[in-house]
Every structure is written in structure tokens, then in C-alpha cells.
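Should a chain be cited, it is by its letter among A, B, C and D, assigned in written order, with residues numbered from 1 in that chain.
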Amino acid sequence: MADLFMFLLISAVIFTIGSYGIITQRSGIKILMSIELMLNAANINLVAFSSFNGNASGQVFALFSIAIAAAEAAIGFAILVALFRVRDTINLDNINILRW
Amino acid sequence: MTAYISLMIAIPLIGALIAFLTKTREQARVVALVSSGISLLISLIMLSRFDTSFTGIQLDEIHSWIPSLGITLSFGVDGIGMPLVLLSTIVIPLTVIFAWGETKEPNKFYGLILLELTGVLGVFTSLDFFVFYIFWEIVLIPMYFLISIWGGPRKDYAAIKFFIYTHIASLVMLLAIFALYFNAWQITRTPDFNMFHLLKNYPLLEGWLIPNVITIKDAIFIGLLFGFIVKMPAVPFHTWLPDAHVEAPTAGSVILAALLLKMGGYGLFRVIVPLLPFSDSPGKMITLLAIIGVLSILYGTFLALAQRDLKKMVAYSSISHMGYVTLGAAALVPLSVSGAMFQQFSHGLITGVLFMSCGVIQHSAGTRIIGDLGGIAKHMPKLTFVMLAGFLASLGLPGMSGFIAELLILINSYANLPTFVILALFGIVFTAGYHLWAMQRAVFGTFNEKLGHIHDGADYEIASMAVLVLLIIFFGLYPNPVLNMMTATATPLVRDAAGLVGVIV
Amino acid sequence: MSYILLAPEILLTVLALALILIGLLVTEKSKNMIGYISAIGLAASLVMILGRTGEGSFFNNALVIDPLSQIFKIIFIVVSLLAVIASIHYFKDNRNQDEYYTLILLATVGMMVVASANDLLALFVGFELASMSTYVLAGFEKKNPASLEAALKYFIIGSLSSALMLFGMSLVYGVSGTTNIPEILAYFKTAQVSGIDILAMIFLVAGFGFKMALVPFHMWAPDTYEGSPTVVSSLLAAGSKKMGFVAAFRVLVLALVAVRADIQIVFAILAVVTMTYGNVVAISQKSIKRMLAYSSIAQAGYISLAFVVMTQMSIAGGVLLALGHALMKGGAFIAVAVVGYMVLSDNKNAKNTDDISNFAGLGKRAPITALSLFVFFLALAGIPPSAGFIGKFVLFYSVTVQAVSTASTWLLVIVIIAILNSALSIYYYARVIRYMYVLPPEGEKIHEPLPYVIALLLAVIGTIGIGLYPEPVINMAMNAASVLGV
Amino acid sequence: MFSDYAALIVLLPVIAFVLTLFLGKKLYSGGALLPIAAIAGSFIISLGIFFEIYPDGMVRQSLPWFANFNIGILIDPLAIVMLLMVTFVSLLIHIYAVGYMSHDPAKPRYFAETSLFTAAMLGVVLSDNILQFFISWELVGLCSFLLIGFWYHKPSAAAAAKKAFLVTRVGDVLFLAGIVLLYVNINEIIASGRFSVVPGNFLLQFSTMFEAAKLIDPTQLTYITLLFFGGAVGKSGQFPLHGWLPDAMEGPTTVSALIHAATMVTAGVYLVARTFPMFAATPGTFVPGVPDSLLVVAYIGGFTALFAATMGLVMNDIKRVLAYSTVSQLGYMMLALGTAGAVAGANAVGISMFHLIGHAFFKALLFLCAGSVIHAVGTNDIREMGGLFGKMKITAITMFIAALSLAGIGIPLAGLRLPIFNIGTTGFFSKDAIIEEAYAYGFERGDYIPYAFAVIAALLTSIYIFRLWFMAFTGKPRSERHPHESPGVMTRPLMILAVFALFFGFTQPAFYSYVSASFDFVMGPAYEGGGIEPPVIVVLLPVIVGVLGFLISYAIYYKRMLDMSKIISSGNPLYKLLLNRYYEPTIGANIIGVKLTHDVAAQSGEFVDRKIIDGLVIDTIIGKTTFFLGEAARKLQTGVVQNYASVTLLGVGLLLILLKLGGGV
């Protein structure tokens, strides 16, 4: 029971770090990393709950989400690269031609 | 089962589509005239088939549409609808003739006019609340275009104001209709949008909408009322009208004043009067109606007196005249109600002449500002003749249809609403005042040379006005053809209301 | 259980993969045919779905075929079909067409999976499949900074929300011990409500809210819709948005059960804020695509009224409005695409082609487009007879009824705000209509490309058709709503 | 058989109106012959009917109209005498107009409108119900509007026409209110079962009204009758609604003649006479035994008689003088109805109607003479006339006869207990009777004020009318024009009228008994006379003041014994007051009409409408605010993706808080 709580605590911490990163960071790469953090926080939850609930679906879920996260990251980097080609920057503060 | 009505509604619609596709002005206006003429023909046939002594719905037809919601395409006419159908089919062809010389995008112009005809006919004949609402909304669109394409300098403001203002009103009305529908459904457990069934179940409603503030019945009543009086329009929800009229082209103004405003009055008789006795506080509601009516009469009159623009003056006179309709309806006496219905009919004819006159003057003299005109009678004798006739009719001269209506309303409302009738009488002098004052300054007196060379109205313009004038006089001398059917319908309409009086009397 | 029921999904998946291979085999020139192929494929699967009778569940009850999934799948396929047909001209002679159509098809499949997801896992997978395909589609014009920026924003906010959603799902799984939605529902029916549940629900709401573009999860929408290729915008606004709704319908029912009535308040506030914000901001937009974006935010507000009063009628209304909105908004974006084509054919390197000034005299320059846009706008404004009107009609009806029968003032206030909003929306629609029909044209009459015309006419027929004969769709929607058993 | 064609009396002129209006241009002298023929026809029919029904018959025809109203014809003694007078005088005026209007290009319009005017008046006279009466009454008003504004290109004419219509309209509204009140009351007593309309009769028929009047609540009846009288005040130019009548001189003189003699103004008196039983039925709360309504009628009439006469003294426009004289004479008729009504019952009707008809003759004559003078001299200002006697004898003599009649010169032999009948002009017979009734009233009720009014007015009358005659026809010419006698078509009518102005008076006794019998069926037979033998002085006084007036004018304006110009030029306030007509136009038109109604009421309404309802509420509060919000909310969309992310996460937080507030765990 206690260790479940520990896991949840950890995941919560990681999740918070991730969201903090998203809000504060300026570089696209760092943002992507923060998002990964948040996803993995969720994965920790899933695995922890899975063992707590004593059924495997949580872990299956985690596997899926890890795979998906990977794909997501790939797409993210692809977009960033393409953007870098045309704008020579991935600093998100400058990427605001679309607004209002 | 007859199919006159659906035919009468369908033909202008088809005509409109054809008109939109036509290339030349010739084709467009001929199509418009023919198709509206056919509707007129049909409505005359209906009139001949119409049994005046029968109080209920006649010539009715019903086609299934959306069973799951209990919506049917059901049409029919009675003493409330028939005269207005007649009015529509009379006014539209005349408007087409009057606008015979339209040169700007004629195919669209005539097409939109025909669409208006479809819309108003639908409103005046639908017996299904859903269908009624659809036509009620459809009417807005052609008018929006008539104003915003052929309109004056501030047309955008006027058009959008007209659209949004009346649209909000109809949405509020829609909410009330929802409540009625739900109520009927709870009782019968069968979905049914039939107007009369919904109204029939209204008395069975109960409970508070907002506890100790307003009951459901009253809320529904006020919701419906709001939808209608904005259309009429009644003070203080009238300000869209002057703007719309000032900017709209003449044909637009004629249709707006002669037909669209009547939709509000129609709703009053079709929906409000039957519900009134059963609302939780009929006294308050009657008083409310009466106040709105008299306020519109007097306020409209004084505002008309203040106007410099002839057309704007006429617009306010419409508000004042529609006030009589509200007053007559509020009195809940058979003859006052039928008088109010007759007021709708006659105002439709009269206001047509007035707006057409404004149009001719605008077109010929290039201005409608009363102060800039003057003495145009010298150069426009024909116009002066019909215009004077129209103005006299509008100020309620005996022998013209307006007088019959106002007399019936005043003389029969007094028993229930003495105070208000006295106030209304007070307005009559000023009504005469602004009409004559405008005539004196704009038409009579010495000719204002600054106007340069001005010519009389074209023959087709004068002709269509003359026809209206003749009708005004005819119905002023012999109102029975329409008045009888109105009275026949009005009598059972107010039977439940016997003995009701306002809070202030 | 016969997998034949899944034939449409399977067909599209196979087709999607096949297209890539075809793309490798054929020459640059003949890549244009790929568009037609995928169109035919979509049409075929649409036919299958319409012809599909019977219900069933698959993969350990992870996917179900029921009326709710049916109607939403129809929506998704129709939208993709429209988008594809329009794209045939929009992406003509683009050397990456094969990937483009593959992505569209995959996105469609993803949405369809979400529509019939009966398990959080399936839901998540479908969600991500659709999202990721659309991230790429949004940035498909990879030389165009706007398009890329749109994609980036979409991606960042999107993956953030999927993170939130996943976290929420993990919590739900944690407390209920299962990922199967009916079982979760069963658990919540009995269990005591805990803070975790609420947290979970909020995360889920945030996750779906992102797709639905509810305030405050809407921020990405205007930028993305504006920046992306117009046909893609139509897919996003009309299609993937609805994915959020179907997910919400499936899952948030239990949110309702879980935390009882409180969630209603939340949705009430979300709905009101969303519709008002959308309409008010739309008024002052110069870019029509952006205006449409805000208007679809407003529409999302209306639709989410369905969650406020969780009655069968209200959900049916929500579904109807979603269906209508798919047609109207998809069509509207396509019309904008035509305008863009028109402007570019006037002047090769014209910037922001969707500026309202380009719509001047459209009635003369591109009559069919203008007329269709006119229809879509009136429908969006809820003027009868149109799909938009039917949707709003049923939706507002359900709310009013709830307000009256439970004498709840706040519901009445909400529905009044809603009607005021829909009246307000007329203002900015009418503004464009005025440009199209009142103002004089600034160029020659153009020849409207056939694919666009077909797409537009399909949308118009759908919009008006539903307005004129709503009987079947209303029944469909009622059945769909009945599935949720509220 | 004539009575079967009674409807034609009205219809003929109406038909003539339509034909003349549309075909006039092509016909001789603008189609003048059509209306003349038509009115002649009406006259003949009326005459025929008169001989059919005399002495005690009447014609009643009636058809249902709309709702519960009817249209119908009622020809009783009261109506038939009016019919004869109207058709006859109007006929003469039309003939005269052929000459008078010969130079006017718009002749067709003129004759069409006068024809309609006559028709409307005949409609008033023939009506058998108050509604039809009112409708015709309104049409009379319309025609007066059209005819006064006949020369519409003259701003003054257009203004006068408007004023005439509006001022009478005030009266009409009161009248209408009276009808409303009557209708309601009758319905009420019907509802309460105390009264029911005789089968075949209709709700607003006079016969029904009179029967109902006996049952209606007396105070209500007073209101009703007073409202009716309000209408009469408007139409008959009684104080305070007299202002339009002098201005109505803007129309052609023939029109003035029609308005003042045959049609229009007499309608008011006729209304009171027609509904006399109702007036008589009102309770007497102020002076015992005097019905309140009649008291009001008497006082208003008496005061108007005097009030108008004072203004007649100083007017320089020949037609204005006559106009005020009309107002004053109408005052006499009202006075007669009031006072005699109080003491002699229905005889009042006879007395008043006799003066009305006599007045119609000599006033028509006066106007036509004036017209002939204006025709010749080309001005209305009597200061520019003078010395016309030699040049236009017929006009001068006939006008002098009319003046005598107006001044009521005669020898009351019978009044002096001599076994001979009185000798004198028509005016003498009719006016003396009125003054004597006023005295009788004073004698019986101890209230001599009306009598005083009457006598003083008589003096002034004689002064101003002879002033007019002397200034116009005697002395040396004060303008260098070369006037000539008018053509025969104009002078013949003058002569005919002159005959009537002189000798019509001798029909007095027969007339009284005949006309007064009109209401026997309601009020029972009226008892004879004033009930008292007035002392000799009373009998003589009217004649004495008449002669006195003549002498004064003779002295001042013929012998020039004292120079009027001094008094005038010295600008004394009294003169100013009179010349400015007691500032009635200023008060009426400027202050009430323009200042109060337009500038204050209407403009403030305009302000409320445009600035508050529209400007403030709709445009500013609703419109502007929305736009402002839009712009503001728009700026939230910064375009920086972190902010978006922050907002999203913020949203999550907010939802949490909301749910806590929402009462969750």
C-alpha cells in the first residue's frame, strides 16, 4: 500500500516537473522532453496500479503508450526540423506569426 | 382535402427560383408578375370557397413531414388568416408593378420579392408551430437582402439591426413554443406540433418557472408575446423599424410595413388572445397589452410629428397604427378584436400607398426631407391626388378603411379599457396633425425652385397606388366581405375571455 | 461474431497502407489518381456502414459497433470524403500526395476506432492515431512557415492533452481496476466517490476538451485552423473535433455517474464561456479561416450543452448538431479553399488568401461557391430549414424542457445566453454574406474546379436535405443517444 | 313618390363630383353644369318630399351596414327645412360661381369639390343615425380642407386649410368620444335588460338614442351631450374653437359663402338641434330646471355672439368682418337652443333653426356681394374700397338689404300689442324671437346674463355691418381701379337671395309650429311661446339697438363726425387686442401647436427614441460593449505556444476549484 503511494507520489512529481517545463521552457526540444516526462508519469501510474490491482491490463496499456509516445516524439522532432529549415529557429517565442 | 394553399405557397417559390435564373429584366419582372398573379388568383378562388359563417379552419390540408417530432405540413385559413392571405396576394403583385422599372440586378430583386410572398403566405396559413416558425424565420432573409443590396446609405446597419433584432425575438418565441410542446407531450405522450393542440393544453400547465417570481404559464405567455410585439413592432421594441424603412428600397418598405408587420398581429390573434384568459394573471397581461398598445399609438404619433424625413414619418405612423391592433386585441370584445384584425388589413393597404408616395417623391425630387420639398403638387398632380388620398385614409378619415377599423376598436374597447381608449382618442388629433402638416410643407405651398425640374410618377407607379386607394375606399364603404369573416372567428376566440378586465381600467 | 461488421475500418486501413505502396510504384504524373482511389475507398466504406446492420463487440469487448459509433463513423467518413474530394484539386501535382491520402485515411480510421472504442486503451490508441496523422497533415505544406507553426502548436498542445488524458485514464484504471468502460461504469455505480475520481474526470475532460476545442483548451484551434492547408482545416474542424465529442459521450457519462451532478455545473460554465467567447471573438476577425475557427469553437459550446442536461434528447441534439456542423463547417472551409485558389489564380504570390476582402463580389465571381457558403453560414447561424437548425432546435428544446420541468432558473439563463449567442453569430456571418453579394467584385468570374464543386454540392445537399427531411437522422440520433442509457 | 328617391338627394351631387373631377376639363366652364344640375335635382326632390310629408309626415329608410351599424335616411320637419335651405342656397352659389370662377384654370376641381361639399352636408342632414351623421360630418371637414386650400400654392391658404381641419378635428374627436360613450352606455342598459332595440331599428339610430336617453345614467348623459356639443363648437366655430373660421377666408369667396351659409358651420347647430331631446333630458344641477348641457350651450353661444362681434368691429378684410359676424350669429343660434330650450322645450329647435335658415339667406347674400365687390375691386381690404355705390348698384342695394336683415331692422307691431302682424326683415323676425327667449329665460330663472350678451351683441352687429357697408360703398374711391357691376350670372342670385332675406321672415309662425313638432314623439307636444308676455321695452330693444348701431356707423363712417383713424393710430391696447383677435392665432398655432406639441413633446420623444433607446441601449451598451469584448478577448491569443499550454493547465486547475465549489469531494 505504502509503496503504491510512493509510486503515485513520484509520478505526480514527474508530472508536475513536466508541466512546469512546458510552461517555462522556450526551446522546442525541451518542451518535447517535458511532454515525454508527463507521459511517462502516466505510465508509472499505470504500472503501479497494475501491480496494485493485480491485473495486467495496466502494463499492456503502458506498453502501448510507450510505443505511442515514441511515435509522437518522432513526429514532434520532424515538425521542429521542418520548422527550423524555414525559420532558422526553434525558439517558441519567435514562432507567433499566427495570432489574434 | 384541397391543395389550394400549398399551391399558392409553392408557385411564388418556383417563380422566385426561375426569376433568379433569368437573364434579362423583362423575363424577371414578367415571371414575378405572373407567379404572384397566379397566387392572387388562387387566393380569390379560396375567398369564393370560403364559408364566412363557419368559424373554424377551412380549406385545410395536411401532409406528414417529421413523424418522430409530430411535425406535419398542415395548412388552413380562417377569419384571421384569410384576409391577410388576401392582403399579401394583393400587395405583392402591386409592388411588382410599382417596381416595374427596377434596373439594379432585377432578377434577384423580383426573385426576393416572390420569396417574401412565399414566406408571409406560409406564416399566415401554417397550423403547425414548427412550420410556422420556419416560415417566420425565412421571411427575414429576402428582406435582409432587399435592404442591404438596394438600400440607402446606412443600409448595412439597418439590415443587420433588422435581422438580429427580429431574430432574437423569434428565438425567444421558439423557447416558449418548446415549453408548450413539452407540456402537450407530457399530457398526451404523443409528439405533436399542431398549433391548436398545443394551445389547447396550455391551461393545464402549472408551477413556477422561477419560484415566487414568475409562473411557467406567464413566462410562456410573455415569451410568445415578445416574439410578436417586436415584429409588430410595439414601443419600446420598435427602433429597428424606422432604420429599416429609411434605408429599404420602396418595394422593401411596402412589403415590410404591409405584410411583415402583420405577422406580429397575426400571432397576437392566433396565439396570444386564445391563451390570455388562461394565463395565471390575465388582468396584468391585459393591462400590459393595453399599455403597449396605447404607448405605441401616442409615442408613434409624437415621433412621427418630430420627423423631418417623410418616409421616417410614415414609418412611425405605422407603429402608431399597429398600436391600435394591440389595443383592440387587449380589449377582448368580439368586435374590438375583429376591428383590430380589420385594422391590420386596412393598414396593409394604406401604408402601401404612403410608402409608394415616398418612393415616387424620392425618385423624382431626389429627397424625402420635408423641409427641402414644397409645392411639388404643382408638378406632380397625379401623385398628389393618390398621396392625399393615402394620407387622409391614414389619418382615419371616414369613408376609408382605416376609419372603420379605428372606430370599431375604440367604440368596443371602451367598455373594458376606458382609460386607454380615452388616451388613444387624444392621439387622433395629433395623427391628423402630422399628416396634414407634412402634406402642407412637402406637397402644397410655393414650389421650391431648388428642386429643379421634377416629373410626375410613372403611370405604372400611379396605377398601382390608385388600385390600393380604390380598395381602401371600397373597404371603407363596404367592409363586410372581410369584416364578417373576422367577426365570425373573433367571437369564439374571446368567448373564454368574457368578463376579464385589466388591472388598470 | 463476424468480423464482417468491421469491414469498413479494415478496408480503410488496408487501403491506407496500399496507397503508400502505390505511391512508390507509380510516376509523379499519375499520382493524381491516388486521390480518386481514396475517394472511392471512402465512398465504399460509407456504403458499407450505411448498409451495416446488427451490433457486436470485438477484441475482448474493446470495440463495439452500436448506433452511437455508427452515426459518428458516418460523420467522420463523410468529412474525410469531402476533404479528399477537395484535396484532389488542392494537392494536384503534389509529389507527396500518396502520403497525404494515407494520412487522411489513417486519421479517419483513428476517429472510427474512437467512435466504437469500448475500452480506454482502444480509445487512447484511436485518439493518438488520429491526432498524429493530423499533426502531420497540419504541417503538410512543409515550405510554408504558417503551416508548420500551425502543426507545431497543434502538436504541442495536442500531446500535452494526451498526456493529461493518459494520466486521467491511469487514475481511472487505478481506482476501478479495469480499462473496460462498461465495467468502469459498473464500478462507479457502486463505489464511493473519492478525490481521485474527480481528478481523473478533470484530466479526461481536459483531454477531450482539447479536441472539442472547449475554452480554455481551445487556444491551439484558431492558429491551427488558420495555418493549416485549408482542406486539412476542414478535416480538423469538421472531423477530429467530433472525435472529442464521441469520446466525451462515451466516457463522460460515467463522469456524470461518478461525481453526480457537479460535473453539470462545470460543463454549463464551459459551454457558456465557450460559445460566448467563440462568437464574440469571431466578430472582429479579418481572416475567414480564423473566423470559422472561432465559430466552430462557439458551435462546440452549443454541442456541449448536451452534457449539461444529460438527457437522451439533449445527447441526440448534440449528435445532430455535430453531424450538421461537420457538413456545414467542412463545406465552409472547402469554399474558403476555392476562394484561395481564386485569389492565387489572380496573383501567384498573394498572402493571406482567406482575407475577407477577397470575398467581395464572390456571388458574381464564383456563384456556386458563394451560394454554398451562403447556405453554410445560414445553417451555422441556425436559420431553418437546415441541418444546423434541426440540431440547435433539438438541443435547445432539451435544455428548455429540462429548465421548465425542473424549474431550474440557471438552465433557463443558459439557454437564453445560447440563443443570444446564436443571434449574435448572425452578425459576422452576415458580414461575409454582405461581402459576397452586396459589394462589387474585384476580378473576373472564375471557373470553379469540378472537385470543389462536387464537394460543395455534396455538403449543401446534406445540409439542406437534413433540414428538409430530418426524420431519419433524428431517429438515428435518438438511437445513438439511447445507447448511453441516460 | 319623391320620398322613394330620397337617397338621390345625396347621390346626385356625389355622382356629379366624380364626373366633374374626371371629365370636367372637357366640359363647358369646367363642367360647372353637372353639379348645378345635380343640386337642382336634389332641390326638386327635397321640394317634392316636402309637399308629400307636410304637415306631419316623415320619411324613414334604413339598411344594415357593418357590425351592428346601419345607413339610413330620416326626413322629418327639422331635416326637410335644412334640406331645402342647403340645396337652394348651394344651388344659387354654384350658379354665381360660374361667373366668379370663370378665370380660374382649376375650375373642374373647384366644382367637383363644392359638389362633394354639398353632398356631404346633405348627408349630415339626412342621416338617421349618429354614426352616419359623424361620417358625413367628417367629409364636410375634408371638403372644407380641400376648398379652403383650393389655391394650395399660396402658403397662407395651405396653412388655413390645415388649421381649419385640425381645429374642427379637435371638436370631431370630442364628438367621436361622445359617440363612444353613448354606444357603451346603450350597450350597458341593454345588457342589464332594461332596454332593447326595437326590431328593425339599429343601435345608433336617433330614435333608439332618444328612447335610451331616458334610461341612461343622467351624469353620463350630460357627458355625452357635452361631448356632442364639443363637436358642434368645433364645426360651428364657437368659442374657443372659433379661430379657424376667419382664416378660412383664404379660399375663394364662393367657398366662404358655402361654408358660412349653406354648409359646414350650420352643421354644428344642426347637431345640437338634432340631438336636442338628449340635451333636454340632462339633469339641472347648476340652475334648477335648466338642463346642464343646455346651460352650457346657452352661455357658450351667448358669449361667442358678443365675443365675435367685438372683433368684427375692427377687421379691415371685408370677408373677415363677415366671418366674425357668422361666428356671432351662430352664437345666437346656440343661445336660442340653450335659453329657449330651458323655458320653451322643443320650441327652441324651431326658433334656432329659423334664425339658422334666415341667416343662411342673408349671410350667403352678404358673401356673394362681397365676392362681387372683390371681383370688381380686386382687393379684400375695405380701406381700399369706397364710392362703389354708383358703379355697382345692384350689389350695393342687395348688400344693404342683407345688412338690414342681419341687423334685424323691423317694426314689432304685434309685439306692441297692435292687431297687426310684425313687419321687418328676416333677421328681425328670427333674432328678436331669440332675444325675447333669452329674456324669458332670465325672467323665469333669474339669470339675465345671456340676455345681456344677446342685446349688446345685437348693437355691435349693427355697428360693424353698416361700418362695412358705408366704408365699401360710400365716400370717395380710395383705389385707382375701375370697378364695374358683375355679370348677370352673378347678380341674379343676389337678387333672389335678397328677396328671401327680406320676406322669408313672414313664414315665422308656421315654421315654428312645424319644425318644433319634430320631437313630439319623444318629448311630447311642446307648449306654446315663452310662457310670459315680455314688456314693451324688451320687445323694442332689439330694434332700438339695431337702429342705434346704424346711426353710429352713419355718423362715424359716412358723416365722419369723429375720426376713427385717431383711435386706431393711437394704438390703444383695446384696439390692438381686438385687431390681434385676442391673440388666439398666436396662442393656438404657435404656442399649443408648434411650441408645446412639436418642439417640446415630439422632439423630446425623438430624443428618447434616438439617443436613449437606440443610441444608448442598443448601439452603445449592447453593440459597442460586444465589440470591445471581442477585441479584448482576441488579444489573449498571443500566438506563443507556452501561453497556450499555461492556459490549458490553468484550465485544469480552475476545473478542480470549480468542482470543489460545486460541492464535490
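Rule of thumb we're sticking to: contacts are C-beta pairs under 8 Å (C-beta built on N, C-alpha and C of every residue); 3 or more make two chains touch, one makes a residue touch a chain.
All values derive from a computational prediction rather than experimental measurement.
S.K.: Looking at B-C and B-D, which one has the bigger number of contacting C-beta pairs?
M.R.: When the contacts at B-C and B-D are counted, B-D has more.
S.K.: Could you give the separation in Å between the centres of chain B and chain C, each centre being the mean of its C-alpha atoms?
M.R.: Each chain reduced to its C-alpha mean, chain B and chain C end up 42 Å apart.
S.K.: At what distance in angstrom does the C-alpha mean of chain D lie from that of chain B?
M.R.: From the centre of chain B to the centre of chain D is 38 Å.
S.K.: Measuring from the mean C-alpha position of chain A to the mean C-alpha position of chain B, what distance in angstrom results?
M.R.: Spacing between the chain centres: roughly 64 Å.
S.K.: Between chain A and chain D, what distance separates the C-alpha centroids? Give it in angstrom.
M.R.: Computed from C-alpha means, the inter-chain centre distance equals 98 Å.
S.K.: Among the residues of chain C, which are close enough to touch at least two other chains?
M.R.: 152-153, 156, 160, 164, 222-223, 424
S.K.: If a residue has to touch 2 or more other chains to count, which residues of chain D qualify?
M.R.: Expected reply: 634, 637, 639, 641, 645, 649.
S.K.: So which bits of chain B are touching at least two other chains?
M.R.: As it turns out, chain B has no residue touching two or more other chains.
S.K.: Which chains touch, pair by pair?
M.R.: Applying the touch criterion to every chain pair yields A-C, A-D, B-C, B-D, C-D.
S.K.: Any idea which chain B residues touch chain D in the complex?
M.R.: 161, 236, 239, 242, 299, 302-303, 305-307, 335, 338, 375, 377-378, 392, 397-399, 403-404, 407-408, 410-411, 414-415, 421-422, 425-426, 428-430, 432-433, 436-437, 439-440, 443-447, 478-480, 483, 487
S.K.: Within the complex, which stretch of chain C touches chain A?
M.R.: 120-121, 124-125, 128, 132, 135-136, 139, 142-146, 148-153, 155-156, 159-160, 162-164, 166-167, 169-171, 173-174, 177-179, 222-223, 226-227
S.K.: Over in the complex, which chain C residues touch chain D? Could you list them?
M.R.: It is residues 152-153, 156-157, 160-161, 164, 193-195, 197-199, 201-203, 205-206, 209-210, 215-217, 219-220, 222-223, 259, 262-263, 265-266, 269, 277, 280-285, 424 of chain C that touch chain D.
S.K.: Which residues of chain D touch chain B in their complex?
M.R.: 66-68, 131, 134-136, 138-139, 142, 145, 149, 152-155, 158-159, 161-162, 165-166, 169-170, 173, 176-177, 179-181, 183-184, 187-188, 593, 597-598, 601-603, 605-606, 609, 613-614, 618
S.K.: Can you list the chain A residues touching chain C in their complex?
M.R.: Those residues of chain A that touch chain C are 15, 18, 22, 28, 31, 35, 38-39, 41-43, 45-46, 48-50, 52-53, 55, 57-58, 60-61, 64-65, 68, 71-72, 75-76, 78-80, 82-83, 85-87, 92, 95-99.
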